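Naming follows writing order (A, B, C and D), and every chain is counted from residue 1.
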Amino acid sequence: MVKISTKKETSVPSEGVSYHERRALDRLIFFSDGVFAIAITLLVLNVALPAIQPGSASTDLPSALLATVPRLYAYALSFLVIGAYWMAHQRTFHYIERYDHTLAWLNLLFLLFVALIPFPTGVLGAYGDQLVAVILYAATLAIIGLLLSALWLYASHNDRLVAKMLTEQDIHATTLRSAVPPVMFLASIGIAFASIPAAEVAWVLVFVLSAVRRPHPVA
Amino acid sequence: MVKISTKKETSVPSEGVSYHERRALDRLIFFSDGVFAIAITLLVLNVALPAIQPGSASTDLPSALLATVPRLYAYALSFLVIGAYWMAHQRTFHYIERYDHTLAWLNLLFLLFVALIPFPTGVLGAYGDQLVAVILYAATLAIIGLLLSALWLYASHNDRLVAKMLTEQDIHATTLRSAVPPVMFLASIGIAFASIPAAEVAWVLVFVLSAVRRPHPVA
Amino acid sequence: MVKISTKKETSVPSEGVSYHERRALDRLIFFSDGVFAIAITLLVLNVALPAIQPGSASTDLPSALLATVPRLYAYALSFLVIGAYWMAHQRTFHYIERYDHTLAWLNLLFLLFVALIPFPTGVLGAYGDQLVAVILYAATLAIIGLLLSALWLYASHNDRLVAKMLTEQDIHATTLRSAVPPVMFLASIGIAFASIPAAEVAWVLVFVLSAVRRPHPVA
Amino acid sequence: MVKISTKKETSVPSEGVSYHERRALDRLIFFSDGVFAIAITLLVLNVALPAIQPGSASTDLPSALLATVPRLYAYALSFLVIGAYWMAHQRTFHYIERYDHTLAWLNLLFLLFVALIPFPTGVLGAYGDQLVAVILYAATLAIIGLLLSALWLYASHNDRLVAKMLTEQDIHATTLRSAVPPVMFLASIGIAFASIPAAEVAWVLVFVLSAVRRPHPVA
């Protein structure tokens, strides 16, 4: 099952990357992992129990718990979406081995929308049957995907910040792959005008696709 | 007291694990530690003081504080449960030294339920005398344990992702051990139908068992 | 100002500490740092603006902001207290170089009370003039200090988990030092019965003492 | 675009920095990164949807979402401000390679105001048209900048904690650079008395300036 690709050596750190550039990149990755971990864990704050009259818990608690199901669904969906984008971020930085200011700002802009996810998730959990909630959600996730693509295009253009040994093919494959989630989320906005449940199926397809397609053993 | 087992060398990183696989595994472990640390710390948000009439703090504050005791109990319980699962996660990844996509997704699913714990904890803190609250809590914790067992079975099957030097016995012992918490939590659901306090005793036994049994000095 | 003590070499990692024990200790320290960082940052959630009537912001906002001053004071106090305990934790683990299960559980119990701090801080911010709020706060912080002392006593007893080269004097000095904050917080409870402001002065003394006394350049 | 400066070697760790001092500094940086990541991610909790009457979501949700725009603006502004200060912190600690107690306390004081940012951000999001909200926000951010400058002055004075090879010029350039954000935020307070929108333009200039000026490839 785990095929050890012979291409793996392309991503061992190249000679000539300074101690400091490596260290700055490590802090950036660490900071990003922290934001991902916090945003994903804050999602649970959206799953609150509706208020119950004092004294009537034994009759009202079961239905109050059932009423949280749409919020639990939104929780699970966003948890997996953030997780998938975290893996995509890992995959992207797998090839990046240099650091510059523009990379740091693009990454920060990317994280700005990642950390925002609890907001559209809360709206979706409360008003999942409303078109505007679905659009807000899909648009946020599409922007995240587009920013990650932009980050990759910036880093890989003319081998700006990536490993020298990376082939053109590797770069193109990663570019194409990074375009799949934002395209799917943008498409789901169009679909939502016809059918909200169909749009949500498109979201689930994003995970299936990202879980299935894995050319490299690590990424 | 600290016996240095001669078996310890089985878990020093093997030759042939690439720089990148190690690095991907490190980010996964780091991300998991982050989610654990945040989920465990968010629990405190469930411990809120009931509202007090302005001006009557000197008479009402003591009883308002007493009213938080069930929530403090639920806080402490969940803190220790998450802590115990964190240690079990550490023990599991102690033996894993390879990374693949399926491992990452199983781990993410595991974390999805870890990060959810503040929700059933809040319900238990508010309605600890209700059967449905007890079942929700025990079921969430059983699922977490089952997912960790599944992750270990996946990783250890045919030495898929574990150290080559690991013996069959080590693998079986770890499998058995990982099954104890979910079995206890599932059993507590049955017990709860007879007696809620007895079910909670079963939960506490999970820690006692996991604190007592420690075949290896590190794990 | 920064004297490089020749004693520093006592805490370089000794030979014979396994790769795995070091790694388990690193994850424990990392997890603890995470809990500290999150607990300290969650404190801000206690600083909320009182509700203002729509339309009257220009007249009511200044006084609403003034009304947050006690909560800001409680925020700053707890931020510094958690920070001081974080430094004390760092100092303690500076000398610890072995890992066992009991250490992990003592550390978890210690973190249970660290992560709880936002609760007594919120109570203090809202009802700082009430004796019971002051006692709750001081008791929580005393328990944290006592648990850190217990952890150190466990780790240093018969050189159980500390560096072999550590002298008896080093161990006694660290033990004494770790006793100062809990003793001060316990004393402040007695003082509070006479005067709440005097008790709060005792809290501030904890920082002053811990900031001033620093026998070792690092710790 | 990425010029590899020959000056970079000035910041490779010098000989003679002990294992322990490096480790203490690493924990301090790690803890700071954690506080930054959490504070930046907690900002989203300020972006809540106004309550909507049950049953009228289809008519009221769009306007409720529009009503969150000022809060989204405050979110994005503070996200970028914290991000910019995080980069400035990274830049500052890029040159620091020794650790002492005073540095730890100055850093803690700096983090106290960083972790506070969600509070003035919430006030600004709710009452962005009020002078006092603008002053509170600008003052908080000015204090953060001043504390980072103070930390740098302390660390660099007489090469107290910085690399020996650092030139006077490097130190002066970093000092000047660290003074820009607090001066801009202080100036914006004066500007706000004349025009609140003009003050906000000054804030945006802080990013533009900090994004543009980058003498060193890493920092």
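Note that a contact is a pair of C-beta atoms (placed from the backbone, for glycine too) under 8 Å apart; a residue touches a chain by one contact, two chains touch by 3 or more.
Predicted model, so just to flag it, every value in this text is computed and none were measured.
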Problem - Angle of rotation relating chain B to chain D [CA atoms, steps of 5 degrees] - result: 180
Completion exercise
Per the C-alpha centroid definition, the whole-Å distance linking chain A and chain C comes out as 35
Exercise for the section: List the centre-to-centre spacing of chain A and chain B in whole Å, with centres computed as mean CA coordinates. Expected result: 25
Completion exercise
Where chain C touches two or more other chains at once, the residues are 30, 34, 38, 42, 45
Practice task
Please categorise the chain-chain contact pattern as a line, ring, star, complete graph or other.
Solution key: ring
Problem - Every chain pair in contact, whichever chains are involved - result: A-B, A-D, B-C, C-D
Fill in the blank from the handout: Note: in the complex, chain C contacts chain D through residues 1-2, 4, 8, 11-13, 29-30, 33-34, 36-38, 40-45, 47-49, 52, 57-58, 61-62, 65, 68, 75-76, 79-80, 83, 86-87, 90, 94, 211, 214, 217-219
Handout entry: Residue ranges of chain D touching chain C (in the complex, touch as defined)
Key = 18-21, 24, 27, 30-31, 34-35, 38-39, 42, 45, 98-102, 104-105, 108, 111-112, 115-119, 122-123, 126-127, 129-130, 132-133, 136, 160-161
